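Have a look at these structures, which come just after this line.
In the two assemblies presented below, chain A is common to both, partnered first by chain B and then by chain C.
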Partner chain A sequence: MPRSSEPDGIGYWAGVSPAIVLCIWELAGRLGWTNPILLPNPTQIVAALAALVASGGILTPLVHTVGLFVVGFTLAAVIGTGIGIAMATSRRLYGLLEPLVEMLRPIPKPALVPVLFLFLGIGKATMIALVVLAGMFPVLISTYQGVRGLDPVLLETARTFQISRSRMIASIILPASLPMILAGMRVALGLGLVLVILAEMLAAQEGIGFRILDLERSFQIRDMFAWIVVLVLLGAAMMKVFDVAERNLVPWRGRS
Partner chain B sequence: MSAVDRLNVSDRERSEPRSSREWLGGRASGVLLIVALLSLWELSSRLGWVVSAYWPPVSQILAAAFAQLMGGEILLSLAATMRRAAIGYAAASAAGIVLGIVLARSRLLRCGLLPLIEIVRPMPTPAIIPPLILFLGVDDALKIFIVALASFFPIFTTTYAGVAAVDDTLIQTARTFRTSWARTLYAVVLPAVVPAIAAGLRTATGLCIVVAVLSEMIAGSSGIGYYLIETQYAMRPDLMYAAVLYLALTGYALNRVFLAIEMRAIPWMGKS
Partner chain C sequence: MSERLGFDHVTKVFEGQRGEADFVAFDDVTLQAGPSEFLAVVGPSGCGKSTLLRMAAGLVSPTAGKVLLGDQPVQEPPPGVIYLFQQYAKSLFAWRNVIDNVMFPLESAPRARRGELRRQCQDYLRQVGLAGFEEKYPWQLSGGMQQRVAIARALAANPRVLLLDEPFSAVDALTRMELQSLLLQLWERRRFTAILVTHDVEEAIFLADRVAVLSARPTALKEIIDVDLPRPRDQLATREHPRFLSLRHHITASLLGPNEKTNEHAALV
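Right after this comes the complex of A and B.
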């Protein structure tokens, strides 16, 4: 699989086609080809977004969504990595946990939203639990694969030097399987964001998801689009942060 | 996307035949754990350790699930959901494979379309639903479109990456023999990228159910997603858990079927 840094021959052209689409959209709006109530012009959306930022109203929902997501994602990453390593290094734990993991994994995670709402009540804890449930399985499985796929010579060498189990995990297994762990976390990142937004739409009184659905229902379409832009930027920013972190943590990635 | 790739490899390994004794031998403790957890659940509800209307005993859930087999709402809702998921999936497969191949081979189209695809990709699916309600309503068109859109990305990405990674020597060789464009595509490029396409298709099979369910939750009037929300409000946890059970079974079965087809149809997968 080609690395993301591989040139795809686009370069500066990347901005051209989005610009053309935006121009056509704007023109269509100005010329009255589109229904201005259903589909506001890009300039109107940008104006709504600017107003949102200027008034400071952007802050509370953004903090709500990002907060839920970050807490849930961190927990999912830690739990997923922990169980993944445990299952990969201990035959007994593997036997104990594998059937349970295989049982829970195929459940489409959105189906758990109403279940957890009934179960844990509607609240932040529930939404965080959803992100954890959605995010931990990709991390867990990817970690497990990563550790199992390690060069046996590496582990044998460590064993020859009689390194303790905890030291072996901390200084050999964890760094060596980091690329795979991060790959799992990347999948979890996208899933986690989907679950946060869904949970907010279905039950929260705050947050970006709540805002988008609420504004649609009260027919404030411009503001709704402004919030969608915020969300897209947020998603792209998180991916970017993740890319940078990955490049710093595993600079050798994709070279082996 | 490499995570997705590796997962596939692993699942293939896991699905390879093995003796049932070996399987149970390693996992006996795990099966026991599940039985213990379920018994604890049953007991806690029966003996009133957890006094809650939302905590029905397992046996009651299984009874509800079983009763649904004799013609119940759950299976009908599930069928409606699966129909939407299947149509969206088919559309996404066609679009994803064709665009993946075309964009990888043509620089002009790549410059035009790839940036647009990259803009839409990071958008969390639930966020696209409210604006689309305005244009497509809340019926089938909306849900099928959302399923297709969400399933498109993994299929497109793996196909695109797969074609881009095809050994250039193969194509140069074909050119040396003056093989026609169409024949090169059919006889050289396609077999080489089929494993990549299959990987994307598999990711999308799980995704299409997820997205169909969540779209029914947000903009529902029918389907299993709507049913879940309905039973939540109606305080019928037994039916709700039964619906989740059926969904999980469906997801599991689909994955298995896909693996079986993959192994038969693409025996060279994961071996290069």
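Right after this comes the complex of A and C.
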């Protein structure tokens, strides 16, 4: 993928290694080195994907996954930013919350799935809670560090203009630490997508995660791979959207 | 609008951390800038000049003694006492364009007045030579222009006292002279009280009515010198004035201390 931030010429080279792998894969399939039932050729997967798109069957699972992800990610971003700023601006809240955060943060979040099943049932609430739990800690930690790392000159400048505490947070602290908050959200984006797929595999009757597992169990391997391709494209698209949003939200990053 | 700002027997001690000795930044400094006065403070680097201004701005409090704005002791940052930092890039709000940076001090005003205040801010930008740059962002401007934005924002805050912490030491020599002249113009127009901290003796003389000379640690007030140079000051005429040169000699000698004086004398013999 050519990106403006990369040195000239890298854009062309970035496509080479995946192309080589796909060629070898295709060739191996055609020469009969692989089992075509377990590992269909890339061209067959593309054909399955095209059929999936043409039939319109791609829509419902995609909407399901993206919907869960967006709700979970948004909640994670809001909660993580809020607690991060609260902990960074109040010693009392820091003292109160820090042990709790340090207790919950290192838990591998999939380990909480059974607990969530018990309390939230097998359904959307569990799936969203999982994405929130996975996404909020990277945002929280990044936000906290971003706020603590703000230059005193900036904060003192704002203080001499007689602004209230709430305005200090909304007009100075939040925008000034936005680059770090977004860095945390970038990590949360990746983790959130992993967790939403896992959640769908374990607790859903719909969605990309559910489809992949379901098609594997019913031995429709080409379609299963087609959905994995959809997932790859979805991840790439989300990163792209995030890149664009970040460039527009913090155009000053690395320049001031 | 201006106000008197005074330091009344101010002592500032920074407590030593982890067994280090306490550090006496100021020892019993009494100094006052009258209403509409331009006071410069010079001293060797590391003598805590910035601490003096930070106390005046209410950002830190003195260990003993009082900082007085008019008759009121300064505890929290008082309204109308505005601090112009040397690090203009850090003091501007990077996420706001130029006009919104300048508008910042006025945003607590009622919405109905916003249009009028915005026009006022455009006028401040014109006064600092930045008309037409309203929609630019700080990172799109040169260092000198960024400091101009900070100056326009300070004007928007309607300063009674403007505290200048080596505001021009991070820009090139020519820009520095332009900004000094600009500052004097604005000061003559608005007549706020100005306290400038600098290690540039010529800058201090060029701008100020009086120059306070501080000694090295623990910092105490060494002497206060009246700058009896005519106004308006001019970058060429003022700096070539014989009185300017003798003041420069006197203050530089005072800063360098008695040892240097002896050397100078020895060299002449």
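Keep this in mind: the second predicted complex is superposed on the first by the 247 of 256 C-alpha atoms of A that agree within 3 Å, B and C clash if a C-alpha of one lies under 4 Å from a C-alpha of the other, contacts with A are read in each partner's own complex, and residues count from 1 in each chain.
The rule is simple: contacts are C-beta pairs under 8 Å (C-beta built on N, C-alpha and C of every residue); 3 or more make two chains touch, one makes a residue touch a chain.
Computed from a predicted model, the values in this text were never measured in an experiment.
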### Message
I'd like to know which partner A:M103 touches here: chain B for first, chain C for second, both or neither.
### Response
first
### Task
In the overlay, work out which of chain B or chain C sits against more residues of chain A.
B
### Task
Pick one for A:A170: touches chain B only (first), chain C only (second), both, or neither.
neither
### Message
Is A:D151 touching anything from chain B or chain C once the two structures are fitted on A? First, second, both or neither.
### Response
second
### Query
Does chain B (first) or chain C (second) touch A:L38, or do both, or does neither?
first
### Query
Between chain B (first) and chain C (second), which, if any, makes contact with A:T160: first, second, both or neither?
second
### Task
Could you look at A:I212 and tell me whether it touches chain B, chain C, both or neither (first, second, both, neither)?
first
### Task
May I ask you to decide whether A:R91 touches chain B, chain C, both, or neither, giving the answer as first, second, both or neither?
first
### Query
Which partner does A:V21 contact after superposing on A: first (chain B), second (chain C), both, neither?
first
### Query
Okay, in this complex, where on chain A does chain C touch?
151, 153-154, 156-157, 159-163, 167, 171-172, 175-176, 178, 250-252, 255-256
### Task
Spell out the residues on chain A that touch chain B in their complex, using ranges where they run on.
1-2, 6, 8-10, 13-18, 21, 38-39, 91-92, 94-100, 103, 106-115, 117-119, 138, 141-142, 144-146, 149, 180, 183-184, 186-187, 190, 193-194, 197-198, 201-202, 208-209, 212-213, 215-216, 221, 224-225, 228, 231-232, 235-236, 239
### Interfacial residue positions of chain C with respect to chain A in the complex
54, 57-59, 77, 79, 81-83, 85, 87, 89-95, 104-105, 107-108, 137-139, 157
### Query
Where on chain B is chain A touching in the complex?
1-7, 9-10, 26-31, 33-34, 37, 54-55, 107, 110-116, 118-119, 122-128, 130-131, 133-135, 161, 164-165, 206, 209-210, 213-214, 217-218, 224-225, 228-229, 231-232, 235, 237, 240-241, 243-244, 247-249, 251-252, 255
